[in-house]
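In what follows, structures are represented as structure tokens.
Consider the two complexes below, in which chain A is the common component and chain B and chain C are the respective partners.
Right after this comes the complex of A and B.
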């Protein structure tokens, strides 16, 4: 199993968390909430956004058709979009066909318990109008969130 | 991994029955239970403390309960969606079913009745036959006129619906605590909010 990176976007089109692993052999390698990933985050958002609108258009009148995975020649993106507008995205190698249970766990057991149920953490990461529509810069920095993401995804890196 | 990560089949048809079976399963198997009286009494102590703090200015107490509810709703919706994995609703009728059959069941173990649809189908009422918040409550004379004891519910619904892009007004019409026949809560959809798109894309 190999996963390359994990991303969370909020309903204001902002990337509120990113974690990229660079060395397969080292679970703690790579970057977390890195400024350098800003452009990649925007591109990733754009790719999912476009394919998501296409999948919804192609569904016709049967309203609900969320995109789940996108495969390219080099990697596969696994996507979970919630009704509240959060996107959880995992990039993995091509062998992983369906990581939706992993994404559900990241949402239900990690995000909900360490961010949504944590009243001292913001639930909305855009503090003003100027930080909405993809212009925001705030990230999830909760220690428990970071720790549990590391514990859960770390073993899947290689 | 806990049981909530299993891929529960989401009810795909809009039939009420499958939603009910689905909700009962979540309530039975995936929800930790607490003592209802503890919950009722905790809420009672919050309301009574607010009445003291605002010197029995019940309009202010109503507002405060509403805004506390709103703050709960915007967080509770994530919990709800994580538990149920339901997609957005395609109609307000569906929304009313999800609220009553699923959300009230999962969080409070009651199922309110839906009724009083407006002619253009943009508002409806929830009739709460049992209300766990007001189990042992009798309002004193001065409070009976103005206080909406369970006003926190309106705030919760408002906040939660806003997070799924439905801008609604939510308020109490009747309350048995005030001597009315029923406890009726009204939800009116103002508009469906648009999903944001990144700046420069429109």
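Right after this comes the complex of A and C.
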């Protein structure tokens, strides 16, 4: 299995999109925006946040030093942090060495075109003050976004 | 690949040894290094918790059919003498032969954090069976499998030095910061070989 899951976090520490594939043989298997993934999303966010603060410390006060990949014994996480505070995270197997171009495409060609350029989609996925501290529950439910993510990442699953 | 820093973290997440090898590298205070060590310890624990579901499913199926595919042990290939072989003539403490070891070895860190890359650096983590962690920070970002195995070999050699010059020191208290001149010196020589 080449890729396992795809996550988007916004600047309020909320997971606004998650997609997890479970079967290699079936590209439509798995879950989208699942409630069951809430805890995993928080753990993932915490891991990336901690390592990001480490990398920023290691860079000193020079140019910023963004995190790119995190590898464990079982999987590799690829990370793209945008200036607007969005994090795009893709979990893959250890054979994929660098998927930053895939993340760039997901951001530039899919997120920007179907969510940011969409007047019907909210600009910010936290509507009240109470949702701005990682307590949000809103997800990207945009049909075009879901469809294009599926079309683009589906073939990479196996 | 130049090694910027080597850290040793004990099993409770405390920093017991830290050394910078590049004078040009960003300077962190000792307090910041302590925080870094504690954070890494936490991240290692978290990283093992968020294994993708498909891996959990295949591990379960592997256990049912009796195959060991689910929790296969990973081996790290032996990378011949790192860099120059001039130093290999020197004695290796209580290790015989031209090098500390000459075979591929098992990685005990099967689930936890192993390797992190950022725009400028990469971090490599080597974990021992007793929970001790060796961390190397290098000044190059690479996800190349060869670079990772070189780093694991280097850190295993650092572990060999630890076993020799720290564990056999009667004045060393377990889990406390390492202050051993010989360990310092030998580690410096090891990193200089790269």
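Convention: the second predicted complex is superposed on the first by the 156 of 158 C-alpha atoms of A that agree within 3 Å, B and C clash if a C-alpha of one lies under 4 Å from a C-alpha of the other, contacts with A are read in each partner's own complex, and residues count from 1 in each chain.
In this text, contacts are C-beta pairs under 8 Å (C-beta built on N, C-alpha and C of every residue); 3 or more make two chains touch, one makes a residue touch a chain.
What you are looking at is a predicted structure, and each value in this text was computed from that prediction instead of being measured.
Peer 1: Identify whether chain B and chain C fit side by side or clash on chain A in the overlaid structures.
Peer 2: The answer is fit.
Peer 1: Scan A:54 for contacts with chain B and chain C and give back first, second, both or neither.
Peer 2: second
Peer 1: After lining up the shared chain so the two structures overlap, which partner does A:141 touch, if you call chain B first and chain C second: first, second, both or neither?
Peer 2: Touch status of A:141: no partner.
Peer 1: Contact-wise, after the overlay, does A:66 reach chain B, chain C, both or neither (first, second, both, neither)?
Peer 2: Both: A:66 reaches chain B and chain C.
Peer 1: Check whether A:117 is in contact with chain B, with chain C, with both or with neither, and answer first, second, both or neither.
Peer 2: A:117: touches chain B, not chain C.
Peer 1: Have a look and say if chain B or chain C is in touch with more residues of chain A.
Peer 2: Of chain B and chain C, the partner in contact with more residues of chain A is C.
Peer 1: Identify the partner contact of A:20: answer first if only chain B is touched, second if only chain C is, both if each is, neither if none is.
Peer 2: After superposition on chain A, A:20 lies in contact with chain C alone.
Peer 1: Is A:104 contacted by the first partner chain B, the second partner chain C, both or neither?
Peer 2: A:104 sits against chain B, while chain C stays out of touch.
Peer 1: Once the structures are superposed on A, label A:83 by its partner contacts, choosing first (chain B), second (chain C), both or neither.
Peer 2: first
Peer 1: Quick one: minimum Cα-Cα distance, chain B versus chain C, in the superposed arrangement, integer Å.
Peer 2: Shortest inter-chain C-alpha distance (chain B to chain C): 11 Å.
Peer 1: Overlap of the chain B and chain C footprints on chain A, residue-wise?
Peer 2: Touching chain B in the first complex and chain C in the second, residues 46, 63-64, 66 of chain A appear in both lists.
Peer 1: Can you tell me which positions in chain A touch chain C when the two form their complex?
Peer 2: 1, 4-5, 20-24, 30, 40, 43-44, 46-47, 50-51, 53-55, 57-76, 91, 97-98
Peer 1: In the complex formed with chain A, which residues of chain B make contact?
Peer 2: 1-2, 4-7, 74-75, 77-79, 81-83, 85-88, 90, 163-165, 195-199
Peer 1: Could you please specify the touching residues of chain A with respect to chain B in the complex?
Peer 2: Chain A residues touching chain B: 11-13, 42, 45-46, 49, 63-64, 66, 82-86, 100-101, 104-105, 107-109, 111-112, 116-117, 119, 123-124, 132-135.
Peer 1: Under the stated contact criterion, what part of chain C meets chain A in this complex?
Peer 2: Residue positions touching the partner: 26-28, 32, 36, 39-40, 42-43, 46-55, 57, 74, 107, 109-121, 123, 137, 141, 143-145, 148.
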